[in-house]
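The structures considered in this document are given below.
You will see chain A twice below: alongside chain B first, and alongside chain C after that.
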Partner chain A sequence: MFLEFVEGPLWYASVVIFLVGIAIRFYEILARGVKPDLAVPRTDGTAGALRTIVSRSWTAKGFSSGAVFHLVAGYMFHIGLFVLLFFAAPHIVFIEERILGFGWTAAPHWVFIAAANLAFAGLILLWLRRVMHPVMRKISTFDDHAAAWLTFIVMFTGCMALLEGHDGLRALHMLSVCVLMIYFPFSRLMHAFTFVLSRGYTGAVMGRKGVQA
Partner chain B sequence: MTHLPTEEKRQRYRRGLRWAMALLAFVLIVPLIPYGIVAAEGQLGSNTADIWRDARNKDQRDAFRTQIQGIETAVLINNRGEQWRTFREKQLVPYGGYLLLGTLGLITAFFLFRGRIKIEGGRSGKLVPRFSSNQRVMHWFAAGLFVLLGVTGLILLYGRYVLIPLLGPEGFAITASASKEVHNLFGPIFPFAIIALMLMFGRGNMFRLLDFKWFLKAGGLFGGHAADSGYYNGGQKSWFWMTVLFGIAISVSGLILDFPVFGQTRELMAGSHLVHGIIAVVFIAASFGHIYIGTLGMEGAVESMTSGYVDSNWAAEHHNLWYQEMEKAGMVDVEPNALEEVKRHDDIDFKGFGQPNPQTKEG
Partner chain C sequence: MAKVVTEHDYARGVEVLRNQIDAKIASYLSSCVGCGLCAEACLFYTETGDARYTPIYKVEPMRRLWHREQTVAGKLAKAFGFGSDLTEADFAEWQEMTYDSCTLCGRCSMVCPVGNDIAYMIRKQREAFSAAGYTPPGLQGASKRALEIGSPMGVTWKALSAQIGHAERATGLTIPVDVQGAEYMTLFSSMEIMNFPEYIEAVARIFDAAGVSWTVSSKAFEATNSGIQIGSSEIARELVSRVVDAAEGLGCKYVISPECGHAYTAIRWDGPNLIGRPYEFEVVHILELLDQLRLQGRLETEGFDERKLTFHDPCQIVRRGGVEEPPRNLLNMVAPNFEEMPDHGKMNWCCGGGGGLSANEEAHDLRTTVFKVKKRQLEATGVNTMITACANCRIVMEEALEHYEMPVVIEGVTELLAAHLKPKAGKTEKATTE
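For the complex of A and B:
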């Protein structure tokens, strides 16, 4: 009964809030527009935007030593989560049956285990760093902690339900997924989509000024 | 169409029935003939032991063949399973339980007897930096994994005795299923946490003569002044090495159990399970002491792992030699300065951050 509710009405409501929320956020960002640049552009802004979108995927020269922890733990978490989300067998079945109507080959079991370990270890390390590092602690807000914990809970309940033998555990996982999807558009989790805009904007502005950002 | 007289019909029916009965008897009796021959020769009784020995494959002979190819698939009855089950139920579970509950009882009795160990001189308000944020991150990373794996492991070991009365069979089945998945998935991360702990806390944790003096005075736990102590005292060094050695053993045995795809035999799996279970129970019991003395048992201790700073009076009372070094280095009464701390971390220069000076000879 509870599983039917979570996978039925609550799931559809979460999807609607997720999609509409993301659309509103994108509209808000794009509607702000860009300040008119009266100076003659030195180089093409598009090239600068594309370059910065890629180059911000690693630390800038001179900042490497202080950012090793974030770089390594960050990639551990994000790559692990990506593999879990799109290549775990139960997720592919769900995507095929409930969303797209087609699926693809799941990752081998050992890849799944490695990805889960990387994702969990990375997320825990990043959050601990946020709490323990004096500067990180000061610049962190409730949203940062809530996003980290919600993501962890989704992953953890997914891990609990791995055996796929009990509806209660599956319902718990789906419930946490729905909560995360509802929270997503109104939180910093939006960086999953907006990083392209922010990096692209910075790169374009700097590119027109002739600066490699 | 021929109409047979009734008597003739009856006779044909009886003849058919007799043939059918004879055929049935033949089918049933023929397979017994070899047994009859063996029994007549007096061999059946003496062969029973051989048959059961072969079934258990005690002599490691290739006595049976099977279509399923794999490790020990031709062994009909594997004694190791029964031996493992008996040890687990008759020894590991009860004695492990006594150890865990006994340790908790002793700690409770000690707390009631000794109370919380206070900072004798009270808090000075002067702070001394003790652990860097990197050290604290790795400590809590390992501690979090330890608690998660410990709780799920205890549910798997004691759940049917403790949780079934509380949650019922269905509730326990769900809890056990979730615990098993969590335990198996988080388990492979633990070895990396142990390696990180070794790297982050290894320096300064070698035993010295000083530590044995500390042991002789029981670290001042029962009153009186503890012996001289550097950055780590004897108790902390013992816990560090216990963590390293138990951590390695529990990781290796856990990986053997978690990935049974490398041709492990039943014997190796059962042995690993016993090693894993015994060490886990002892490790968890020992951790009760570490957690107690680091939090409730001693005033001012937990701060070293939360903020990274300790009160100078705490440092002088429990790690007097290290405190003297810090005093000389001008590291007492420092303001918790975030930027300064970050700078120290980035330089990876622990000299000024309370790490033991390798030049200093203790004891």
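For the complex of A and C:
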């Protein structure tokens, strides 16, 4: 009964809030507008935007050694989460049956285990840095902690839900997913979508100056 | 005439800050995940360990205002009584983070994983702080002098005229002034005029040898723009307008930005946006022009400087300006033992005096402290000669080198080239002026 609720009405409500929320956030950003740049460009801004959208996925040169911990943990978490989200067998089945109507080959079990370990270790390390490092303590908000803990709960209940035959655990995972989706548009998790805008804007400005940013 | 605000009015600051948040800034604030990596690229954090100097923390007033007034979550929180509006205390506290501990060097903007241009955000936050009167007295004074006298250091046309006279006697050349129809109009920075007048001589020698048609304007000779540094578009617009009016009045095709970092940002990149229209002329940095002359075979040198030397990349010319290759091409003409510093080019570390810090006495000690990163770069390179292309960088670094008792000599690119200039055949007494 509870599983039917979280996979039915709550899921659909969450999807609507998620999508509408993201649309609102994009509107909030884009509606503010950007004045056209009247300075004569040295090189093409569009090419610069596209370059920066891609290039900032790789670690920049010029960090001091203090950045290594965060960079390693960041890659661990994001790569692990990406594999879990899109290549875990239950997720592909869910996407095929409930969202897209088609699926793809799931990652082998060992890849799944490795990805889960990477994602958990990365997330925990990032959160520990957030509570222990003076810079992180200075700049962190409630949202940062809430987003980290919600993500952890989703991942943890997801692993628990792998115990097939336990509908309660699956329902718990779906419930946490729904909560995360409702929270997502109003939090810093939005960077998963808005990074295209922020990287693009900077890349365009720097591109016009002839700087590969 | 634009005015420098000296009376505190934080409410005015809040109003201006609200209007600075465009789509770019909204996307930056939406994307920031508070990773703190910008701190590891900022010399104010790396050299002090003070978490307050984390670049994204410097724009915390902007983030708070945006979140509270321009996001659904913030509006909801406000409706339920959570959070607080910006106060006078916030402006007083963040003045240091907005001015004393940021040179607008933009190094943080190059490393942010989500691409945030934090230097742009701080520049925009300065608009609010300058409107609210929360600015360092040194920058207030510099801006007032720029508006009233025409130069942040109080350099008048008569003072420049005297320096031109010295340069003419030293070179035997006539430096053209207010020549209608000259191809290039040359700007100088106050630092060059008062501290490094050898730049004027170098330009005169090179332009004479290369047959460049040029002039100096008695109405607008100052390249420095205090409005950019203090964060007042109103002041910046007025200072840029003076140059634009003079150059267009003389019918010049080009305006030459001198060896000064933020002057280049002001006249090349910000200027057209400040006055609301493209120029009728093009802006070229002196390094770009010299490199063009090299390519055209009009800049010929002889002999070499055998010293082992390195190059300090001025942030606004290289990282924020895109003039990275020209100084290297020029140095390679005369300096066979030129060696790059670690983190050179667009990832170079700032001298510590950009963004108005050189005029900000309250930031003097901090500026000297953060020079430690440049000290390490120099020690790693093992040179005793550093070439640069910014008079402001030069004076700031010369002072810091004295403080740290480092026997390093600093010279400008243009001077170095002029010292190796091949005398032209049939040398004329006058510079070519059409």
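Here, the second predicted complex is superposed on the first by the 211 of 213 C-alpha atoms of A that agree within 3 Å, B and C clash if a C-alpha of one lies under 4 Å from a C-alpha of the other, contacts with A are read in each partner's own complex, and residues count from 1 in each chain.
In the analysis below, a residue touches a chain if its C-beta (ideal position, glycine included) is under 8 Å from a C-beta of that chain, and two chains touch if they have at least 3 such contacts.
It should be emphasised that the depicted structure is a prediction, and the values quoted were computed from it without experimental measurement.
In the superposition on chain A, A:Met190 makes contact with chain C only, not with chain B.
Contact with chain B, but none with chain C, is seen for A:Asn117 once the two complexes are overlaid on the shared chain. When the two structures are aligned on the shared chain, A:Phe156 is found in touch with chain B, with no touch to chain C. When the shared chain is aligned, chain B comes close enough to touch A:Leu125, but chain C does not. When the shared chain is aligned, chain C comes close enough to touch A:Leu38, but chain B does not. In the superposed model, C is the one of chain B and chain C that contacts more residues of chain A. In the superposition on chain A, contact is made by A:Arg25 with chain C only, not with chain B.
With both structures placed on the common chain, the touch criterion links A:Gly66 to chain B and to chain C. When both complexes are overlaid on chain A, the residue A:His133 reaches chain B and chain C alike.
Comparing which residues of chain A touch chain B with which touch chain C, the overlap comprises 66, 133-135, 138. Contacts from chain B toward chain A in the complex involve residues 133-134, 136-137, 140-141, 144, 173-174, 177-178, 180-182, 185-186, 188-189, 192, 308, 336, 338-339, 341-342, 346.
Residues of chain A touching chain B in their complex: 65-66, 69, 113, 116-117, 120-121, 124-125, 128-129, 132-135, 138, 156, 159-163, 165-166, 168-169. Here chain A touches chain C in the complex through residues 21, 24-25, 28-35, 37-40, 42-43, 52-53, 56-57, 60-64, 66-67, 70-71, 74, 130, 133-141, 144, 186-188, 190-191, 194-195, 197-203, 205-206, 209-213, going by the rule given at the top. Within the complex, the chain C residues that touch chain A are 21-28, 30-37, 39-41, 45-46, 49, 51-52, 54, 56-57, 60, 70-73, 107, 109-117, 120, 268-273, 276-278, 282, 319-322, 324, 343, 346-347.
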